[in-house]
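These notes are about the structure you will find just below.
So that you can tell them apart, the chains are marked A, B, C and D in the order they are listed, and the count of residues begins at 1 in each.
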Amino acid sequence: MNSILQEFGRKLRLGIIGGGPKSFIGPVHRMAARMSDCYTLTAAVLSSDPERSVHLANPLGISKDRAYPTWEAMLEAEKGRKDAIDVVAVMTPNDSHYPICAAFLDAGFHIICDKPLCNSLHHARDLVQKASSGNQIFCITYNYSAYPMVRQASAMVAEGIIGEIRQVHLTYVQGYLATRSPEEDQAWRLNPQKGGPSLVLGDIGTHAFHLGEYVAGLQVRSIMADVGPTVPGRTAHDYVSCLLRFENEARGSLWVTNAAAGAEHGLSFRIFGSLGGLEWHQEWPNQLRHRQLKGFEQIMTRRRDGTLSAAAESSTRLVRGHPEGYHDAFANLYREAAIAIAAKEQEIYNRDLATYPSVQDGARGVEFIFACLESQRTGCWSQL
Amino acid sequence: MNSILQEFGRKLRLGIIGGGPKSFIGPVHRMAARMSDCYTLTAAVLSSDPERSVHLANPLGISKDRAYPTWEAMLEAEKGRKDAIDVVAVMTPNDSHYPICAAFLDAGFHIICDKPLCNSLHHARDLVQKASSGNQIFCITYNYSAYPMVRQASAMVAEGIIGEIRQVHLTYVQGYLATRSPEEDQAWRLNPQKGGPSLVLGDIGTHAFHLGEYVAGLQVRSIMADVGPTVPGRTAHDYVSCLLRFENEARGSLWVTNAAAGAEHGLSFRIFGSLGGLEWHQEWPNQLRHRQLKGFEQIMTRRRDGTLSAAAESSTRLVRGHPEGYHDAFANLYREAAIAIAAKEQEIYNRDLATYPSVQDGARGVEFIFACLESQRTGCWSQL
Amino acid sequence: MNSILQEFGRKLRLGIIGGGPKSFIGPVHRMAARMSDCYTLTAAVLSSDPERSVHLANPLGISKDRAYPTWEAMLEAEKGRKDAIDVVAVMTPNDSHYPICAAFLDAGFHIICDKPLCNSLHHARDLVQKASSGNQIFCITYNYSAYPMVRQASAMVAEGIIGEIRQVHLTYVQGYLATRSPEEDQAWRLNPQKGGPSLVLGDIGTHAFHLGEYVAGLQVRSIMADVGPTVPGRTAHDYVSCLLRFENEARGSLWVTNAAAGAEHGLSFRIFGSLGGLEWHQEWPNQLRHRQLKGFEQIMTRRRDGTLSAAAESSTRLVRGHPEGYHDAFANLYREAAIAIAAKEQEIYNRDLATYPSVQDGARGVEFIFACLESQRTGCWSQL
Amino acid sequence: MNSILQEFGRKLRLGIIGGGPKSFIGPVHRMAARMSDCYTLTAAVLSSDPERSVHLANPLGISKDRAYPTWEAMLEAEKGRKDAIDVVAVMTPNDSHYPICAAFLDAGFHIICDKPLCNSLHHARDLVQKASSGNQIFCITYNYSAYPMVRQASAMVAEGIIGEIRQVHLTYVQGYLATRSPEEDQAWRLNPQKGGPSLVLGDIGTHAFHLGEYVAGLQVRSIMADVGPTVPGRTAHDYVSCLLRFENEARGSLWVTNAAAGAEHGLSFRIFGSLGGLEWHQEWPNQLRHRQLKGFEQIMTRRRDGTLSAAAESSTRLVRGHPEGYHDAFANLYREAAIAIAAKEQEIYNRDLATYPSVQDGARGVEFIFACLESQRTGCWSQL
């Protein structure tokens, strides 16, 4: 067991906001918390309908007095408790991320928040500022970067194993919106007021963008984007393709869509440097392909035998040949946030513990969204 | 949430025996219990060293009075408690499965037990008898059969989608014993007194055998086996290859080894019937290949959208494109055992709940081991 | 045997220009001609060094009087012969394609020419004009479009099986120029005077572009391109990434490079329509992945049993399970050009015979090159 | 060009027997001869119907006087010619291989013959004897062993790269006989009088067996086989599964069938030694997977850049990334037989030229067939 957690001496008390019965991501967050074994699910707001919210908390084992009707009520009540929650996990529609996170940061709570961070650049910068001045942990759940073999790729790039980065190619090709349906008009995700200015960019684009910057260890400096709807009758964006230039002049591209008929997931990166390349596909997350200038391609596999980087080993639980999946990676973020929070609370935090995506990474995602939209409007490259 | 569990009204109290610090499978069992969200880890025996056993329980959140020095102490104490554990999970060396399971069955507890069930045919039959007469749940953790796409294969065969079964081909090709090391002489697994008469058969052979019978929905009737060591200087068996005949005259073969240098896991089945075939590999568990007499091969993928069988859908949690892994499948067994136990306790159990591998399946594994050994001895086909 | 060829009654007499000892593509053309069984290799110019040219022809079985020192000599001599060659195959450096093809077209010969067609738009249009007015066959060896499963994809799109085309994604990711070497300054390919204005666009970009237009059955109307060198110290372009808009407003992207360290070939397409998608990778050319809105992905495989389109079946020779490769596809072009030529000569040509890429397709490639360069210069979208 | 062929100064004159219009393998042999560029198709017997045989030869470019009605006529006529054929390629039903090959060997011709060599052990030994005493080249077309990456595997084993061989696993899983059809009763292949005593063993089993012995560089010494029909109503064998013991005590197994519904080809080997393992699948012939005791799996790919063994490089024509297929491998045998024949004729033959499968390899296949049948009869292991 991690020594920081052991020293802390108890599990963290977790409050959750959002993730009710129809949610995909709600059960994932709760599963991740259980898998990490670092949290007690203590308080919850499970619906925007106050009565329903209270009703839904009981089957999750939450005591009656901490099943709250609204997030404001949770904030108010928990602030006053000796045994207050330590951290709040936010998995509500995108437009509410900002007010909730801002209020809980102001009250001194740590945060775990779904992507995208929020729907405006102004709000993003404000959250970065609040988390920084409050000295709080803020983990944004770019969960794909928590797969061990993505960590491995990032470590290999950092160690220079593929040399100076020259080309980065990112895809995220889903099909769940390949057909227009009448119901989609009701979905908060496709409603710009709630989901944000661009469905595809906020929903999955920021995942791919973060993956690219994370693995390359480089920031994108300019973007040329083609973003819009591809399905007749839809106004929400379901497609984006970008040309990218990184801070070191490396070039790249990105193709992200929710509207590729029959596609399942399709999140991938291919990154090439002066000495080789790495390729990873989320649908087969336990493998990382390593190509080299000379010699043959290697299929690197997830394992715990000392052959992978420390970053990869510490984020895997199973020995070779036993596949890990989406839940395992998501649980890594919960575990790492817990360690960071326990360290903060014991005033032994240091930057090496910032292995999870931060509020700054969340803000980068919002910058990416707005740079794409500006490029689309002008037909030219945008800076970010 | 499952209505039987909801009606039961509380989580099951779980006692664990085995799975201490050096164990691979111990953390897996505990993770599975947490993921299932059906258990409270209540009592434990974590080492054959009584003092150590007690010491190790605390970090797992077990109260002092239920951190037991020995399984006999646990049995004695729990029998007398009002809030006794409901179920005991056994993950000790193979030779202790029988005494522990027999004693806990006699005392009325439900059981979750690692494979192989035990080291003799006589003991196997006795456990079947005890579980049956005691009307208790006994789940043996042939966890690979709990992957959703294995469930899907089994359902497709049962529905006749690939027709009458004609050929079955099973492999389990690992490499962790490819080289002889001095330490292996200390390992209980390679010691026939503890691990059983055949390392490869008990350690992984029963997994492959169960997978074959489970997916085919047929029992093997005769076996011709070549089993033995392949690494110089080793006497423990690290290789078995079999010819199989099933009850319906279908033919098959099986290749299982721990000594294939560089191999990772390699558990797979290929099964062909009169109308098509199915192929699955544990290292890519979210896919099932379906070949058909006419037309093209389909890559069936794990999902929850109504296109898979009920058995597959009820054993998956994530939507398409989001991989599940080893932990998720193992957690399925824990969840299904919990539902069955809760049903037994409420006297609403019915056979449809027996979706987990049973003590009978465990006994089949022991029969398989002894049939292989007999065939090896005689050089002829053995019946089972 | 094809009835048009049978009626023609003899093999075509083939003259080759280029493809000497160091050439990769020379032996490929000659192999393709032999495999097609439609040609007699009759005349050759095998080097820009006249003496060497004559010397090299003998081992290829060419009679002394038709081993020419220069293409001009070949043209002059063959024009006057009763048994003149029927067709000339041009596989010289790019800058000589135009003068050679123009002269042989003027003299009434049919042409098989390597890509890119030539190095200027003006020349491209002139060749289109000459071939058209001369009523001659002009096949450009975009050989990748001759793989049976690419033909199958094209036929499926044309039949509407994946619906209205919405997204097209093309890649061609090679690594042979990942490192700068002093010798590359001598290579004609990297010399703009000989290889044309952009190495990557002329060398492999036109292959990917043609593949996209061929399979989609649609023309690209606008392009936003980022093209340039990625390897320090190189001025020749080794990278291009494009955003594409097709005539029907479908969107797309293209990533082509010769400088991805460790990459082998990487030519692929992924095309999605309203009803499904198709994916193909040249390194596994016998498979075509077909995704559908509902249901599972199919792995369509090359075969000759009536399940594929006529276009696919007529371009394959082997039954299922027996892989075909690069040579087989290249030979398809030679065979189809031979049938078309034999038809022209017998005045029974019709457009259904134009299954090979034509001079117009060659000219599209040149338009693509110049549109990319214009876009790079302006930083804006270019039309084509 | 190969110096032995160059020295020989002319193409070999090839006579073919069999391979008429309905044949799959006939066009393959002729394609292979053309691809090799070493033969002139000079004489033919294309049907067992004499009139038809003569008629069919013309479209293949064979002159009238060498289009023979029967193989006896060909033998008689060619024996007397100054410009007689050098080599005869035999692709007739299995029962005629012996009389044809025996007669042509006796007359001093070299032979290329389809597998299986013949239908009896006695005949097999006689052909070995005749070829040896006549000092003639006899190539049996176990074409799968001519893929470059199979050659690479064989070379790696011979060099000790995977150490001492311990386990060999072979499969050949086809589906073309998955359903019984009335027409199959007419097929010579299923008729023991013509096809030999066991359809599956003669048709494809010898391919898999040869592949195993070739790559392992070891002979099988004992076999336990289960062979028979799996499709109701069929008496011809469509299934065999074997346990194998090699001369060095390595163990193995083999699964070969023509009756796996929906399967395409499925020829593969997996071979493990003390230091690693190799895996190859004919459907993706350009890749060879190399696993190692330590480190990651490598995907070795066909190429010509000095990184593969001499045996692999000399049997490939294309640079990396450009797939070769079935025809290319078959053509390797024709080329290598031509070199050996040209060397024999010039009396410069040496054993290093015996890179093609020989008449001894053909006889091993026949021994394999009869050992399997004996084992099936006795239910015990057979020696070979």
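Keep in mind that, in the parts below, a residue touches a chain if its C-beta (ideal position, glycine included) is under 8 Å from a C-beta of that chain, and two chains touch if they have at least 3 such contacts.
The structure displayed is predicted, hence computed values, not measured ones.
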Chain pair with the higher count of C-beta pairs in contact (B-D, C-D): B-D
Remotest chain, subunit C as reference, centres from CA atoms: B
Whole-Å gap separating subunit B and subunit C, where each centre is the average of the chain's CA atoms: 56
Separation of mean Cα positions, subunit D and subunit C [Å, integer]: 35
Chain centre separation (subunit B, subunit D; CA means) in Å: 44
Subunit A residues counted as touching two or more neighbouring chains: 297, 301
Parts of subunit B lying in touch with subunit D, wherever the complex brings them together: 162-163, 166-167, 169, 171, 173, 175, 178-179, 224, 226, 228, 230-231, 239, 241-243, 245, 250-253, 255, 257, 259-263, 270, 272-277, 291-293, 297, 379-381
Subunit D-touching residues of subunit C, taken from the complex the two chains share: 1, 6, 24, 27-28, 31, 34-35, 37, 59, 174, 264-266, 282-286, 301, 317-328
Complex interface listing, subunit C residues touching subunit B: 290, 294-301, 307
